[in-house]
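There are structures below to look over.
You will see subunit A twice below: alongside subunit B first, and alongside subunit C after that.
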Partner chain A sequence: MKAILTLLAASLLLAKLQAAWAQEETLRLPKSIEAGSAFLIEHSGGGEGTLYIVGPSQVLKRDVKAEGAVYFPARSLYDAGHYNVIFTQASGTKSGSFDVAPISAPDKLSFFANPSRLPIGVKHGITGAVYVFDAYGNLITAPTPVSFELSSPSGGIQKDRATTSIGRAWTEMDSTSQQGSGKFVAQVGELKSERIIRQVPGDPCTLKMNAQQAGQQVQLQTEPVRDCSGNAIPDGTIVTFTETYAGGQSTVDVPLKRDVAEVKLPLHSGAKFTVASGVVLGNQIGWQK
Partner chain B sequence: MLGRSAIAGVWFALASGLVAAQPAVQVDASQVQGPRPLEEQTKTAAIRGYLKSWQSMSGAFEQNRIDLLDADFVGAAKEKMADTIGEQIKLGIQTRYQDRSHHIQFVFYSPEGLSIELIDQVEYDVQVIDHGKPISTVPTSARYIVVMTPSETQWSVRVMQADSQGNRSPGT
Partner chain C sequence: MKKGGLLALSLAIATVALIVIGCVWPVQAALPFIIQKPLLTSSSTPEAAVQVLGQEIQAHNWAKAYEAFANKAQFTEPEFELDLTGYTTNLRTYSTLDHFKAWPLHASADEADIRLELDWATVVGTSVMTRDLHVVRTGDHWNVNWPLTKQPIVPPQVIPVNYLRWDVIYRGAGDDWGAQDVNAPSVRIIDMHPVQRADGVVVMGELLNDDVVPAYVSMSAILQAKDKSPIAKEEAFDKISHVLLPKQITPFLIQFPDVRLSQVDSIDMKPFSILVPASADPVIAIDNEKFNPSPNASLTGQLINQSGQVVNVAHVLGTLYDKSGQLVWVVDQYVDSALLPQTPVAFNIQIPDDIAKKVSTERTVVATFSFGGLL
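Let's turn to the complex of A and B:
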């Protein structure tokens, strides 16, 4: 009889333990959801509690009345990131975590292009980097094809293709041989971002001046100044005239105006005149009174 | 190419003047993509700005002060965090982020020099405080993708987003 009672007591204890294990509080979370999608957090163990979902980009708090599932409708969590989940009850606290991933459809491009103005004919002179974002402003980290195009003033187009790596892609392009504004475009699907690149003439190709006496002065005038592709050098580009004579030197900086630069300098016997612009040195003229 | 020359494996100390324990920081600049070399000075400035941003974020979330984000965050990162702080205020909660270690890997320096992308495997603790009462502290490991852009005097965080790869937090 004693043995039977002992066995019965043991069985009751085991049953009670099993019931206790069955009621152990658990928290079931999705491993990952797509930004903006609906999701469920399930908990067991019964009783009221408070659920916190915490991340640097979003924070949510829900009062939970009973055991079961807590439903979060679409657009509850839309910022991609790693979220900690904390569920507190009178009996204790449980925690876990899950990720919110960006949606795969691109919605916005952030396009860095440089420079906005450069000389013509510069190899790899134009660079661009693009970051791809979804509708919630999350960086899309999945590989995404990007195309780049640079149109030149003459109508020519340079193209490049790339696939994003961790949300970004980049390219390098050459400035063209013709001055003018070009469109630099980054495109993902139908999504475009455009920048204007102004291509200006490079350094003068050659510099030649003529001299003519004007009373007690010499008038110096350049021939029209052009780059090596034949583009006119912009007005305002500085041309430097230098007169060297016995006992002295005079230097005058003159801006180009309508392709030419001109200046009048005092006449000294035996003077030599030189002309330069940037790194380009022009001809030299000697003058005898 | 200083940035690519070697796995730096450099351990940085955080900016001086911090009261909290300083996180361990490891930096790897050997995998930088892009045609532009990442100079040592640029790398150091970006790391300084990034680590400082964690301090700003921690203070801002703990004190529910959006203004503390101004110095180190710009654009989307700042807007999202400001929204979160606004939500915390509404809910009556605070969160305390304490970073313990960073493993920072530079992955991209854009050719025009206007952006740097890095990946940081961060170990940190998140404490939730509800109406002044500490609820729980959760040790967390997450991989953050960070895009920084130069502002007036420093590199600022423009994108800060945890990636699903490499994350692991203690589950239930």
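Let's turn to the complex of A and C:
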């Protein structure tokens, strides 16, 4: 009796082991594939069934008629991530998993350059961050060398190199002392992304106007308005002229045009003229005629 | 079926009854929209003649009003209509006469002078127009001499305008993630001052466009209690010039009705700016700007459009300072006529008497809007 029981137990254990071996043999998966590449999933020891591949943003379903390999052509799976494979049959369900990795060749850069506009002479004022993607928009997490280049309006070039970490790399640059638009370029291999950084003058350094009689009016005109680095203040910047006289005043907000602002105001004896732009005050002229 | 018919009949009767009630006893706001018979038809007195005229204007019955004028030979009916609605599109073009008042200035047996105040309801509030009418007796009735304001004539000329215009290319809706946009303009609060008024707290100040590009700006503020909990949040609405060119300054005024300043521990100011296409034209000069002290304190002056483009709506904002240069109040007024090139248009903004006592200097800015133009 004891011998029969031992034999029965051994048979059951062997059957269990055989079943486990059979399951592993049924579904053979790649460990990892590159995004967009063709691949095979093999199964054996079974008849008809349905194969599901479920990933972060893609789901594939195939009806499997007979034992063998299921072929998935290129571009079947293109979103990088971890994919679960489930094979359902009348006799049961088998499962496994594999990874889809980004293509190692960069295809697209997302380049954030900030700010798009800043005053001249700001240390570390410009930041650039780049994210490297493959042809399917997957972030390439493998370390990738990136070069940054900022060409200033004066022709000077600032350069920096970095290697991506978890798909991104960044740098800091200084704005120069000369106004104008600079090109900020991030490059990975032959791949380039370009942004325009506008470096603008600071506040007017000195604001000086002259007055001249023009008939019954006084013509006020500023000298060319510049910042403290000698850059011309942009046209369109508002300059406020104010005439104060006994019992009243006149005010005009005039935009700069070709570096100067000019206006004609009515002539009043004893009038006082002032000029300002933003919070910067200019000279004052008294008119006694 | 029977019930349905009864319900339909009831609804029809109720509808007819409501229409009749609405026409016979209309609410004040509906008066301009109904074709109504003037309440007064007789012009047996000077006051009655002016009342009839007011009712005709309110009903937009221009022909009938024109027919009753004693001096109608001096102008045409369309000229009379344009005198009231504006020769050029302006704030009053789309307004209605909310109500009117008339009071005698002088009267004799055959003629009288009566002041007519017309209060027009516009999209930005009431616009008051006052005309002094000379009324003359013709037989047994009285006729009004309408003091027509002639359309200012701008002589034919070429006004060269070569001021800047800013155009903006924003990122497109189809742009990929990571495509960069242009930064919003940098704006800065250069003055801020809360005061307690009878009807609540008022927060006023000045905002500077510190950038080299035009900005559309607005300003909001949150009053906070000691535990930083919000008491109230309000915006400047139209007590601000919303479009600021580079280095331009606008005053702002935010009203918090029914709030006491003693409740307030801190104020969270939130300036907002976005980049907008804009033009440096038109340039508006403010001439003969004058602070008139109490009684009836006011800020008066003239706007002169120095450009060739017609300005349809002008909004004047006055910033009032005390002797130490501290901001004490912000006043504003919409000018209800268009600004034609080189043609002065007067403004007159009332100032509260208690504020006027503190005022030493003022600064005025003008926000403009032209139909079909940029901001």
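Here, the second predicted complex is superposed on the first by the 214 of 289 C-alpha atoms of A that agree within 3 Å, B and C clash if a C-alpha of one lies under 4 Å from a C-alpha of the other, contacts with A are read in each partner's own complex, and residues count from 1 in each chain.
To be clear about the criterion, contacts are C-beta pairs under 8 Å (C-beta built on N, C-alpha and C of every residue); 3 or more make two chains touch, one makes a residue touch a chain.
Note that this is a predicted model, so its numbers are computed, not measured.
Q: Does the superposition put A:Thr127 against subunit B (first), subunit C (second), both, or neither?
A: first
Q: In the overlay, answer first, second, both or neither for which of subunit B and subunit C A:Thr141 touches.
A: In the superposed model, A:Thr141 contacts subunit B only, not subunit C.
Q: So in the superposed three-chain picture, is A:Ala80 touching just subunit B, just subunit C, both, or none of them (first/second/both/neither)?
A: first
Q: Going by the contact rule set out at the top, does A:Thr88 touch subunit B (first), subunit C (second), both, or neither?
A: It touches subunit B, and subunit C stays clear.
Q: Which partner does A:Leu265 reach: the first (subunit B), the second (subunit C), both, or neither?
A: A:Leu265: touches subunit C, not subunit B.
Q: Which partner does A:Ser250 contact after superposing on A: first (subunit B), second (subunit C), both, neither?
A: second
Q: Who touches more of subunit A, subunit B or subunit C?
A: B
Q: Thinking of the overlay built on chain A, is A:Leu150 touched by subunit B (first), by subunit C (second), by both, or by neither?
A: Neither partner.
Q: Once the shared chain is lined up, is A:Phe112 touching subunit B (first), subunit C (second), both, or neither of them?
A: So A:Phe112 meets both subunit B and subunit C here.
Q: Given the touch rule stated above, what does A:Ile33 touch, subunit B (first), subunit C (second), both, or neither?
A: The answer is neither, since A:Ile33 touches no partner chain.
Q: Residue by residue on subunit A, keep only those touching subunit B in one complex and subunit C in the other, then list them.
A: The answer is residues 112-115, 131 of subunit A.
Q: In their shared complex, at which residues does subunit C touch subunit A?
A: Against subunit A, the touching part of subunit C is residues 162-164, 166, 176-183, 190, 208-214, 245-249, 280, 283-290, 301, 306, 362-366.
Q: Which of the residues in subunit A come into contact with subunit C in the complex?
A: Where subunit A meets subunit C, its residues are 108-117, 131, 195, 200-201, 234-239, 242, 247-255, 257, 263, 265-266, 277-279.
Q: Quick check: in the complex, which residue numbers of subunit B touch subunit A?
A: Going by the criterion above, the answer is residues 33-35, 57, 61, 76, 79-81, 83-84, 87-88, 91, 93, 95, 97, 107-108, 110-115, 117, 119, 126, 128, 130, 135-136, 138, 140, 142, 145, 147, 159-164, 167, 169-172.
Q: Quick one: in the complex, what on subunit A touches subunit B?
A: Residues of subunit A touching subunit B: 26-29, 32, 50, 52, 54-61, 79-82, 84, 86, 88, 93-97, 99, 101-102, 112-115, 124, 127-129, 131, 133, 137-139, 141, 165-168, 170, 172.
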